[in-house]
Each structure stands twice: as structure tokens, then as C-alpha cells.
């Protein structure tokens, strides 16, 4: 289970060196993450309705090669580790030729309407089951 | 009555031509506008508490000369026309030497907690009095 | 002759009021403008190769209704007035149902590799002919 | 040797949850990093003149508590590991009361005018000496 998100570089994404600024990638990974959640059956609208949010607690990015404008990129998103209260997601940004130019990892804790940590398995077992099913080679 | 807001250009504000991208200026003018409202005694915290918002209905900018990084700029903000339901603000961005590089005008309508237009003079006469006092040469 | 550009609102485009921040629209209009130039046969890559740039000198926007996340919008772009040294473009942002939520007008002067104003008709008659052909009801 | 950078949260930095969006922090850390380089005697203008750039290869952030608008924050920046070809920097973002809300680590390789990796100690020994002197407890 993995999703593929198309990203078209925007003109102001590039800095004075003519390459995409490093702070743009986290925005792209959020778009990719929302595509992933939509694909597994837990879209933003449903998160919003329940007041459930995958709050970001850790973000790491590796910059391997630059991107520029105009250019089309593709982000592959898949799950890493998961547990009732937390979730790890893994990402790869590649060019149209398949060259990987950036990788990332985000780590989230599930929060409820009061912005406090929740046990997703207990609070929303049906949602947790969707997470479980999207996980690679795991029960 | 006018306010002066210091802006330090940020590295990613510049595009691949090495000049500040045109979409950055509206963000600067919002910072300048918030300084203006704070100075006349109607800071964001108070707007937020009352649920009153100067909703943007029209924005226009004139680009006279480019800015770059690193550079310090100053925005002068003052009132234009005003009425119980609306407000016009005028801005000038200048270099440290006083050369004007950008001018702008924003036009707002006052909205209440339900995001509908309100008559500020009727709803909050004390706030409206602050607006009136900040106006140039007007009763 | 007009182009239609699809815009998918991004999560961070929305401010604390849950609506798309007003400074996001100029970025969208730039995407729409690039689509327009591509469609008439003068894409960014060609501008870049020639060192020719439609430098922004005036930008105005009218905010008619808010947008939110997630939402898909469409921008229609068409030419306004034009002359050998300058160009006006007109834009409309609409929802999928066709409701216009924002309109804009940008005014550009053509600049060359030294960032100085050029007469496009004299410098690049073939490009100017493309502009001419894209104009509504004009010779 | 460490620097302290003041950051004033901007209104559009907050997302629809009313908290600073996670993609804003990398921009703040770049401002802090530039302050650090300026303080040790290697400001952006000098980097630009030499064509030397601390290219970002790895960025990681830990989100401990949210920030909001309006709020003033302070980033403390100091050096981590360093070598002739690379550099690690460490950051902490704290509230005015000193509560740490975010930490980060960036890892850079030094590149020259052709964007290829350089040995800073060999290419610019005087700059490297400045780096060395800014390092904690190291020869």
C-alpha cells in the first residue's frame, strides 16, 4: 500500500540560487500525506469531523539533489511503524525519470478534539483498522 | 497618525531572479496593518476577543523597484477613507535611504463573529472612535 | 483565447479563520499566468532562454467570497490591454460550481536580460505576434 | 558561542487549527542560521561573494509544543560537529518564558561556485578558522 502524488514546482518555490528552497518540501509532504490518508479511507474531512489529527512530532528530510522550476515531481508515501497512539510515514520524492532527490520521515501522535493524545485503536477502532491494513507486512 | 514597520527581507523571499517575489508584499502589508491597529489601540488580541475582523475586499500594489536579500525596509501605514462599515489603508515601502519601492492600498469591510458585515460605529462605538481619531484631517 | 487553470487548495493556505489567506491568491495567479503564456506559445523556458520577463508593475485583487481546504478552484485567464512595451492580464477564480470568488488584474512591462524595459514588438516580433493573436477583438 | 534570534510569529504562519504550521519552522531556522554565520564573521554577503554555500543535506525537527499568533519566540543556535567539508548546527526555539517548544538539527556540506562539495579548510582557511573558533570545546 503506497500512494503517488504529483507535484508541479511553482515559480516562487525556487530561491535565488534557482533551486527549490528546502522549506518547500515539508509542504509537499503534507500534500502527499493527505493523499495517503484519503487513499486508505480516512480523508481530511473525516479527520475534521471527528476532531482527530495526526499531530506532527518529528520531521526529518534528506536532500539528495536539487529541483527547479518548471519541473514535475512524484512523491511516494508509505507507512513506517505504527501503534495505537502513533504513526510513522515514509516518503520519497523522485523526478519523472525516477531519480530520487529527497526522502523524508514524519512521526505523528494521534490527538483528539482537545488536542491531547488519544489511543486511536480504542477511540476509533474502524479508523485504526484502516491504518493496520495499510501497513506493510504487518498483522 | 501613521506607523512605521521594519521588515527584514528573508532569504526565501527572493525568487530565482534574486529579487523579492511579488507575492511577499501582501504579507508584509499585513504585518504593517497589524502594527497600525495596535498603535491606534485596537490590537489583534482585541479584534479576536470581539470577533471583529477587517476583512480584505480589495488589495492593490504598485511595484516601483525591486528589493533583495539581505535588505531592511520600512513600511509607512496610514488611513485612507473610512466609514462605519469600511476602511481604506495606504502603505509605502521604502529602503533605508528613503527610496519608495512599493506602494499599496487595501480596502476592508468590518465583519463580526458570523463573518457578516457589521456597522462598527453602532456595534463598537469606542473602537470606531479610535479609527476616527487616526484619520487624517477628518471629523 | 483564454486558459483555465486548476488549483487545489493546500492545507497551509488557510489561516486561523479557516479560510485561504489573501496573500495566497497572487501565487495562484502566477501559476495561471504561466499557463496562459505556455498556451499562447511563449512558455517560461523560452522567456528564460531569451532573458525576457513580464515584470510585475501593478497587481490588484478583489475578494468576493472565501475559499477553504480542501477545495478545488479554477482560474480563467485572458488578456486585457497590450502594447509593444506592456501587457495587462485579467483573471477570475471560480469554484467548481462556477461561483466567482476572486478577480484580479496584473499589469506588466516587458524587460530584457538587463532587467530594463524593452519594446517586445521590435526585439521579438514573433513573440509579439503571439501576444497580438491572443488578444480579444483586437488587430 | 551561540546566537539568539528573535522571531515574531506572523498571522499567516498559523493554520486553521490556530497554531504555527510545521513548515514555518525551517524558515525560522534559516534566519537563525544566517544570524549565526554573521556573528562568527562569515555573513551571507561574504558567502555570496565567494560563491560558498552551506548546502542543506539533512534537516530534522522535533515539535514539542505549539506556537500561535501573536507570539514572540527566541531561537538559540550553536554548532554541533564540524569537519573541513561539513557542518552540523543545533537549534532550540523557546517562548519568552524560556519554555522550549521546538528543537532542530541541520547538516550541511560546503559547496563552491559550481555547487560541488569543497574542502573549506583548504579553500578558505580563514573562514574555516572562524568555524573552528565557534565550536564548543574543540581545538
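Order of writing sets the chain letters: A, B, C and D. Residues in each chain are counted from 1.
Note that a residue touches a chain if its C-beta (ideal position, glycine included) is under 8 Å from a C-beta of that chain, and two chains touch if they have at least 3 such contacts.
Worth saying up front: this structure is predicted, and the values here are computed from it rather than measured.
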{"item": "More contacts between chains, A-B or A-D", "value": "A-D"}
{"item": "Centroid comparison with subunit B (C-alpha atoms), farthest chain", "value": "A"}
{"item": "Centre-of-Cα separation between subunit B and subunit A, whole angstrom", "value": "35"}
{"item": "Whole-Å separation of chain centres (CA-atom averages), subunit A against subunit D", "value": "25"}
{"item": "Multi-partner residues of subunit D (each touching 2 or more other chains)", "value": "11-12, 17, 23, 27, 30, 69"}
{"item": "Interfacial residue positions of subunit B with respect to subunit A in the complex", "value": "11-12, 14-18, 21, 23, 69"}
{"item": "Complex interface listing, subunit B residues touching subunit D", "value": "10-12, 27, 30-31, 34, 44-45, 69-70"}
{"item": "Subunit A residues touching subunit D - in the complex, by the definition given at the top", "value": "17, 22-23, 26-27, 30, 53, 55-64, 66, 115"}
